[in-house]
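Note that the chains take the letters A, B, C and D in the order they are written out, and that residue 1 is the start of every chain.
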Amino acid sequence: MTGDRGYSSDEMMTIAAARALSGARACFVGIGLPSTAANLARALHSPGIVLIYESGTIGAKPPHPPLSIGDGVLAETADTVVSVPEIFNYWLQPGRIDVGFLGAAQIDRLANINTTVIGDSYAEPKVRLPGAGGAPEIAASCREVIVVLRHSRRAFVDRVDFVTSVGFGSGPGDRERLGLRGAGPKTVITDLGILEPDPNTAELTLTHLHPGVTVDDTRAATGWDLAVADDLRETHAPEPRELDALRLLDQPA
Amino acid sequence: MAQVVSLRHAISSVVRDGHSVALEGFTHLIPYAAAHEIIRQGQRDLTLIRMTPDLLYDQMIGMGCASSLIFSWGGNPGVGSLHRLRDAVENGWPGPLRLEEHSHAGMVNRYVAGASGLPFAVLRGYRGTDLADVTPTIKPITCPFTDEELTAVPALNPDVSVIHAQRADRHGNVQLWGITGAQKEAVLAARHAVATVEEIVDELDPRPGAVLLPTWALDYVAVVPGGAHPSYALGYSERDNDFYVAWDAISRDRETFRTWMEDHVLNIGAPA
Amino acid sequence: MAQVVSLRHAISSVVRDGHSVALEGFTHLIPYAAAHEIIRQGQRDLTLIRMTPDLLYDQMIGMGCASSLIFSWGGNPGVGSLHRLRDAVENGWPGPLRLEEHSHAGMVNRYVAGASGLPFAVLRGYRGTDLADVTPTIKPITCPFTDEELTAVPALNPDVSVIHAQRADRHGNVQLWGITGAQKEAVLAARHAVATVEEIVDELDPRPGAVLLPTWALDYVAVVPGGAHPSYALGYSERDNDFYVAWDAISRDRETFRTWMEDHVLNIGAPA
Amino acid sequence: MTGDRGYSSDEMMTIAAARALSGARACFVGIGLPSTAANLARALHSPGIVLIYESGTIGAKPPHPPLSIGDGVLAETADTVVSVPEIFNYWLQPGRIDVGFLGAAQIDRLANINTTVIGDSYAEPKVRLPGAGGAPEIAASCREVIVVLRHSRRAFVDRVDFVTSVGFGSGPGDRERLGLRGAGPKTVITDLGILEPDPNTAELTLTHLHPGVTVDDTRAATGWDLAVADDLRETHAPEPRELDALRLLDQPA
């Protein structure tokens, strides 16, 4: 998967996600790419970041990416392990967590997320996805949310088939009306670039292109007429130390 | 007081056709052996309850045990879809499966309400999502002090909850540690509860982070070493990740699935 | 991240006139030294919050720190009345004291709601008692699924919560064990939190039954060996029961009380 | 305090209370006389009884009566120690506990209990009592309640000044209407005898006299016209082994 540039687009995506954690104190992490990115941030620039997995481990410091959120290495390296009711009620719900990391099967123009069903009918879906898990409340209660997913027209749709987790609802002011206390998805990181909500319309807008990617590439992979920021910037290419750290993490235990 | 009995006896004593059954264990200490015993005994029309259905509910659903599923995340963690669950939902095979779908926060608070003897729980959840439209067990509730609108979910009180734990003593006190999930709540919410354990010991010396379920909170304890395989049992066994990956191919096809279940579950005797 | 500072600095940084302050510790690890420091610093018009006011709130009330008390059981455990509390309620000395009175179950659920970021909690409680008539923070609530009527109480979110714990590490992570009461909830419910500890250690090795409060959930940690005296600190000191008995005579008379406080609190310097 | 009979009336009361725990599996215990009685039951006839203190200790086996519910000996001898929220929400509230043991400053004809204020006015009480503590929910949720207090006209009143904990409210059916799921105070044990609610009226009725006590003694110490059961019986006098065990318990540690 490593391209001409010496790194793959997935590596660029993961490294951009790790960089986005700079300054975060506590991060609510799901398994897979979010876990890799969070542990990469811990290895690179945020040694003190508190990683919280929904299985109840607070301050986990896994030496290798866990296979699942039930991995013993999370419990054994954590500052403390609490019950699943406690992690959701005492730690996530009150807004103690700075950053929540989410994936998505679909995301729409207003950053609403679908991980439930593809198709018009919930009862008779085209594709049955895994469902909500912790996402709706992570999206509601973390101070901000980072979404990470690969860019494609199947994933980036004008309107999600099913709102599993609320981004900006139907537009500005909706989160406040719904009583969602976190700021929502402030950053959507893909293998092509970075999207951020427009300050006035909350619509996801292209703000960064990864090296070698064009606006047209990104528009072609987006299911709505993608707006581009006036000050569109290029993501810094991965540094060797970032790539080294990531590849070290990705090695099997 | 919990009786220490065989797994076969424990399951046949408490699980009946039509029951609601929660097999819990949040990605750790998943009670596979107990699920397999239910498959062998052939109880039908079950309402299966579990936050993360995982491979064991894929197996139970594929084998036709369930008519309903109450859950919050139904995937093969780190691998992909649960093909038997999807086949039931998308194609009604081997029978229709009614879904009652929540988020983790909602499910876990439903267990908390059940364990607390309350009819419902309150949370900041679901607001603005489409889940409330498809799940009747999600309703708004207004704070009587601030008038803020929040969300209520009803208690879960399974007919039977089943967990796997590391150890029990001869009196039937059960101890588990590591990631302890929502097992305490699932047991305390249930009308009847069964624990399988890796081993029976003379004395349950206290351990950091351990949850102890007193014998009088359970009905049966059965000794089933490896009863969480292929999931983790901290201090006893690691996750068999190859199996989780292999399950994707095994479960994708109905016949391959059925053959695997015959060879590895149906034609295998229950643990003694 | 909690800073490790002197008790004087911790209290003066977070406790202001008019604040609501919860000093918790359910009959074990009662933060006496911190209460004495508040008495010395002279913050006034406090709303004191505590399930079991105990001798330390008798002292604070008698010294005129408080204008309100939110509580559920105000006695000298195993001995009798709290005379300074009674004098304030019955005679308005040294000033009037507004009471907001709950049961233990109600108080503890108010902390749980506070720690959970919810505006209220639901419980089976108070129904048929006269408490709801005298306490406006007790209201009925109806289950949206069963129509059963239960009781709601509003969240407690103290301006400051103070606890005493056995140990902390140099980062300010705090560990307590034995009877851990509602201290985790009191800390997580508060806007600011302070822990006094018996000692700072290099490494907080895990202990059975221990609660760990991560440093980022607190503002300040102060090392105060014996900071729970005359109450228990399991593993460090026993309850000074003679003092609990002696307090009855000391506190019965206003002058005797005042003299004792001058000799044992006011004229004593804060711990370094 | 030991009378002509070789035991005091308080000893008779405590021993009667211990006997009443025969057959109970789990008992919610307050400090003082209830704790002594519960530990006496454990020493005498119920070695497996699970003693639960509201401080969170489940299955405590103190070798000597604890000084308070915070006593380290409770934590150190317990099967498990849980938080105070958990003890009330997961263990007491759902009705898992067979017997709750309560004291009282006042108790009335319908077994309602006052531990809040003496006098007509809550705001300006004659006597400010400690308050509710765990009692209202113990009275509501334990499968049954045993009340232990000394018999006097000050304590046994026609109607309590303040209902801190509900006995039978204003009469039969009230507990059900209020949603209180336990059966309420089935036994009131005093230093003179034992009272039980009349099956039809729920009114506390004298069912047992302790040895040497007369009906007139008891009526003189009761603030209402005390009914006497048709089959009024005499409590068995303390046996030597009961007295020995009690006196052993009462010795300082």
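Going forward, a contact is a pair of C-beta atoms (placed from the backbone, for glycine too) under 8 Å apart; a residue touches a chain by one contact, two chains touch by 3 or more.
Predicted, not measured: the structure shown is a model, and the values here were computed from it.
Please tell me the distance, in whole Å, between the geometric centres of chain A and chain B computed from their C-alpha atoms.
So the centre of chain A lies 28 Å away from the centre of chain B.
So the centre of each chain is just the mean of its C-alpha atoms; given that, what is the distance between chain A and chain D in Å?
57
Any idea how many Å lie between the Cα centroids of chain B and chain C?
The answer is 39 Å.
Residues of chain D touching 2+ other chains?
Residues 80, 89, 93, 141, 181 of chain D touch two or more partner chains.
If I count partner chains per residue in chain C, which residues reach a count of at least 2?
112, 117-118, 123-124, 148, 150, 184-185, 209, 211
Edges wherever two chains touch, nodes for the chains themselves; is that graph a line, a ring, a star, complete, or other here?
Graph shape here is other: it fits none of the named patterns.
If two chains touch, include that pair; go through all of them.
A-B, A-C, B-C, B-D, C-D
Quick check on the complex: what are the chain C residues that touch chain D?
26-28, 51-52, 71-75, 77-78, 81-82, 85-86, 89-90, 101-105, 108-109, 111-112, 123-131, 134, 148-150, 178-182, 184-185, 209, 211, 231-232, 234, 238-239, 241
In the complex formed with chain D, which residues of chain B make contact?
That would be residues 112, 115-118, 173, 184-185, 188, 211-212, 214, 216-217 of chain B.
Contact residues on chain B for chain C in the complex?
It comes out as residues 117-124, 137, 139-141, 143-146, 148, 150, 152, 154, 206-210.
What does chain A use to touch chain C in their complex?
Per the touch definition, chain A meets chain C at residues 25-26, 50, 58-59, 79-80, 89-90, 93-96, 141, 181.
How about chain D: which of its residues touch chain C in the complex?
Going by the criterion above, the answer is residues 31-32, 54-57, 67-72, 74-76, 80-81, 83-85, 88-89, 92-93, 116, 122, 124-125, 127-128, 130-137, 140-141, 162-166, 169, 174-175, 178-181.
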